[in-house]
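Okay, so here's the structure we're looking at.
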Amino acid sequence: MSTVDLSVKVGPLELANPVLSASGTFGYGLEFAPLTRLERFGGLVTKGLSLEPLRGNPAPRIFETRGGMLNSIGLQNIGIEAFLSDVLPGLADFPPKVVVNLFGYEREDYSTLAARVDAVEHVAAVELNVSCPNVKRGGIQFGHDPGQLEELVASVRKATSKPLIVKLSPNVTSPVALGKAARDGGADILSAINTVIGMAIDTRTRRPRLHTIKGGLSGPAIRPVAVRIVYDVAREVGLPVIGIGGAETADDVLEFMLAGASAVQIGTALFRDPMQPNRILQDLEQRLVSEGVGSVRELIGAINIE
Amino acid sequence: METATHQGPPTAGFADHRAVVVAVDHHPWPYFTVTLEVPFANGEQKFANCTPGQFVMTLAEFGLEPYLRRAFSVFDIRTDANTTQIEIFGKVIGLGTEGLARLEPGKEVPLLGPLGQGFTRSASPTVKPSALIAGGIGSAALLLWARALLEQGEAFDFYYGGYAACDLALSERFEELARASGGELICATESGHRGHHGYITEPLEQALAQGRYGALYTCGPEGLMAKVAALGSQYQVPGQAALETEMGCGYGACLGCAVAHQDGRFRLCCKDGPVFALDEVVW
Amino acid sequence: MSTVDLSVKVGPLELANPVLSASGTFGYGLEFAPLTRLERFGGLVTKGLSLEPLRGNPAPRIFETRGGMLNSIGLQNIGIEAFLSDVLPGLADFPPKVVVNLFGYEREDYSTLAARVDAVEHVAAVELNVSCPNVKRGGIQFGHDPGQLEELVASVRKATSKPLIVKLSPNVTSPVALGKAARDGGADILSAINTVIGMAIDTRTRRPRLHTIKGGLSGPAIRPVAVRIVYDVAREVGLPVIGIGGAETADDVLEFMLAGASAVQIGTALFRDPMQPNRILQDLEQRLVSEGVGSVRELIGAINIE
Amino acid sequence: METATHQGPPTAGFADHRAVVVAVDHHPWPYFTVTLEVPFANGEQKFANCTPGQFVMTLAEFGLEPYLRRAFSVFDIRTDANTTQIEIFGKVIGLGTEGLARLEPGKEVPLLGPLGQGFTRSASPTVKPSALIAGGIGSAALLLWARALLEQGEAFDFYYGGYAACDLALSERFEELARASGGELICATESGHRGHHGYITEPLEQALAQGRYGALYTCGPEGLMAKVAALGSQYQVPGQAALETEMGCGYGACLGCAVAHQDGRFRLCCKDGPVFALDEVVW
């Protein structure tokens, strides 16, 4: 048995350990059951869910770049009702906390979605995707304008008493300003970052690599950007932060936590190796033991900048 | 309202293995085959339920690039007392295939599979033979299916097209199976150095016009498969194609591998495919 | 002799070919003379120059990340006078056009610098660095605020008749808005992008990897971000654009050009291999020959998005 | 007003070579040596002007990571009729050194050098011997200098410190040179498994207290070199240290390798160093 305490409290959200899956990179969770020890995760964040099912963007939807990938899935999803009736009961058998990632076109979509899950027992928290670069309308406008974001969060706040996470975009001049807006609207937790807008072209065909031309860059390539934003937001906003962006090892999880994150989501790294979170947890434990750190909570924001 | 297509049961029985490279064979460049060995675990044969047309995700872990695993058809599969050997047939294109071609016996690689839905008999058995149509490296998806047809006593011709003669790598293996089934190997190269001078769909069309085939099974460049689909619809012969799309994960987690279908919906190449009916897909 | 025409006209700036070195990655140019065939370059962009010499930031100043690197050199430079008297005469022996990259703390610094080089024969163009993330004051504020940028550019425009390039920051919500401000101020050309703000932490020591904590991310990791910004700016601003960010091969140069760039700067890739620009030019020529493209100019903005 | 320090003449005579690996020797892990061969070009010996303490930038090009070349001291150098052999001595730490340790004879690597400013005699010749102080892999910078001192008829003791006995890899080569010069090898390990149990600067300090040395030359972890510098100033013995910083380019283009000096200015480790006088540097 481990002598290290990996449990964290992320605002009102209590997790057995700080490692979660990132939205859109883990399906609805059950896809992974044959591949990984699901029960070890601190939490699972679902693929973005909308009121109605969405078919997503035409192919090609992904393209690998140096140290990362571009995607423009376009929020294909089964819709909130199918999720609640067909998927969530299966997830309820597993210990990890289930965070539902919600997406809408209008402000009311978000509050309707949040209200819908408010009374659902196995939903541990709500994460608002206000920063997806891959859909034509909705979503992103909220994530890029502090005034609109505050209003949006305030209306969702009224609709649910679940722990409320707002996911920040890196594609803005001041992520801190957006974080403050989310806080003022009533968010409990910030998560950062969503993908960075990018693009690639096939020079032989002269066509964009993605059908939508632009898409979201994820993976280790963006980790320095994510760590910077987590650092700024954690210091300046005053809400607990979940770090996301290119994390693939225990060392990366520690890096995000030292920068100020209370927990970390693993995304693209799951594609390279679905067992990665299990390995991360094992290495994390060993690392803390060897450094004589009793609780992973001691590391949150513990960067030494003297 | 649209139903989710990626919400069905995951591909049954796949797992992530550590496989050991037992052989790397270099055919005329840029073609190569790699044989990977997966030990039985608890007496259980790991690819026992693998069907023709299914694939694996793998990666030579020399460094950190490429980042994502690449998909490869299960080209051949052999089982002995306590191991399964999976052979993949590759063509060097970029970092992923370059890495695999540089593997040496003894190295370990991750091997996720078997994944996806393979070929199934397109039509109720008829007296007519089938045509298998491969474009270059697309042949990798068709060896097991050719063998399965042979074992079921069904005759088939194997159409093998490419740009140059070297693109018809491993043609002996296909010729042997086709002959054994009572069919033959038909080749075409755009360069004219082997077989018909032109596209492989040209001799295919002649045979279809004569009403020779009861089913078409194809894998190759998208243009080739689209042409086969068009011919299938023109001559009213059903068939299937093994598709390739960019894949992030191979098991339904990323939703990156959408294939547009005639019903207006997307299917996932990795879970609902890679084999689809020719007339289902929007070419 | 080549049958392919590599020459480009970037607004008023005429170059023998579209490959330039990026500011800060090529010293003052002469450092490379023993290593590379300098004379092959279309142009050289100098290290950022200020009115007075600057000592730069304490070490550590660089850290390698996945597919890239963070730097916080802090604009160490010899100052404009030493450059003009000691370095420029040596560069004048080489055919590539010399672009001086200028940096200041106040608006007047920029116009004084620009006025100083206005009459200097071997200066082919001026590039304004308004987006360096690595100095505490100055520079960056101009690059993040359209109003300030327009005023700055207008005052520089009055000070020089040299071709005027404004280098855009990727760390803003709308690079296009900044590009338009630069255009309205009188810029002839936009270059994009400067580095992306990032950060990394040594988890053993818990100290930031850079003395300044945050720094600028460059290299192939950021290429998708750079291509996206070049694409947007080239389509929406109406000025010629020079692409910068992670370019390392002829294919990458073509990618930037298809996205809308008239020329491309090579930065971090020079560190991995100082001969890279020579190789790029060779491959570029071959590529155009094999595709039957007579002039590289045909490729500018030739992305096929139907 | 401050003068630019990185504006002096570039290191003379360096170039970017394609070198061929002729040997990779594995010493107790994590130590290894790689011997690289650079053919003469136009009858010109390529590292003829290489001085002790200079370095090269190299990279095993297995893939795209790491992206930047790494700096390595020229550990040893041998010349025959038409080739120069450069030996580097490495310790596996991360991707860069892992790659080099995995090289095999016949592979090519880029080799930029010789770079920087090497050791020079610190003091006017005295009757006193010198002390060379190496911390682990820091010894890589000192072999050529030890040989140069020997050739100039100057005696020296070689202080070799590390955590464990394996960190004193290749100590025979240093012992031989020290003995030949009339000096000796002094070892220390923190684990106590070889030589003095503790820091190597402890026996050094005892000898300095007895006034034994006329000059100190060191390379190793920063803490070790700082201690040597402090002892040098305490006992008024001049000396030099070969520094390590993160390096982007190795030849003055990136300005990434700043070393703070006592005069308030920065010097570039790659061009003005890596060898600096002990009392110049801000430790």
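So that you can tell them apart, the chains are marked A, B, C and D in the order they are listed, and the count of residues begins at 1 in each.
As a convention for this text, a residue touches a chain if its C-beta (ideal position, glycine included) is under 8 Å from a C-beta of that chain, and two chains touch if they have at least 3 such contacts.
Everything numeric in this text was worked out from a predicted model, so none of it was measured.
Trainee: Measuring from the mean C-alpha position of subunit B to the mean C-alpha position of subunit D, what distance in angstrom results?
Mentor: Measuring from centre to centre gives 55 Å for this pair.
Trainee: How many angstrom lie between the centres of subunit B and subunit C, each centre taken as the mean Cα position?
Mentor: 46
Trainee: Give, as an integer number of Å, the spacing between the C-alpha centres of subunit C and subunit A.
Mentor: It comes to 34 Å between the two C-alpha centres.
Trainee: Centroid of subunit A to centroid of subunit B, CA atoms only: how many Å?
Mentor: Chain centres of subunit A and subunit B, defined by C-alpha means, are spaced 35 Å apart.
Trainee: What residues in subunit D touch two or more of the other chains?
Mentor: Only 64-65 qualify.
Trainee: For subunit C, what residues touch not just one other chain but two or more?
Mentor: Only 66-68, 219-220 qualify.
Trainee: Chain contact topology under the given definition, line, ring, star, complete or other?
Mentor: ring
Trainee: Which pairs of chains touch one another in this structure?
Mentor: Here the touching pairs of chains are A-B, A-C, B-D, C-D.
Trainee: Write out the stretch or stretches of subunit D touching subunit B in their complex.
Mentor: 62-65, 95, 99
Trainee: What part of subunit A is in contact with subunit B in the complex they form?
Mentor: Residues of subunit A touching subunit B: 24-28, 30-35, 47, 52-53, 55-64, 66-69, 71, 73, 76-79, 82, 86-87, 219-220, 268, 270-275.
Trainee: Sort out for me which residues of subunit C touch subunit A in the complex.
Mentor: Those residues of subunit C that touch subunit A are 65-68, 70, 144, 171-173, 196-201, 203, 205-208, 213-214, 217, 219-225, 227-228, 231, 246, 251, 254-255, 258-259, 302-305.
Trainee: Which residues of subunit B touch subunit A once you look at their complex with the stated criterion?
Mentor: 1-4, 6-7, 10, 13-16, 59, 64-69, 110, 112, 245-249, 251-260, 264-266
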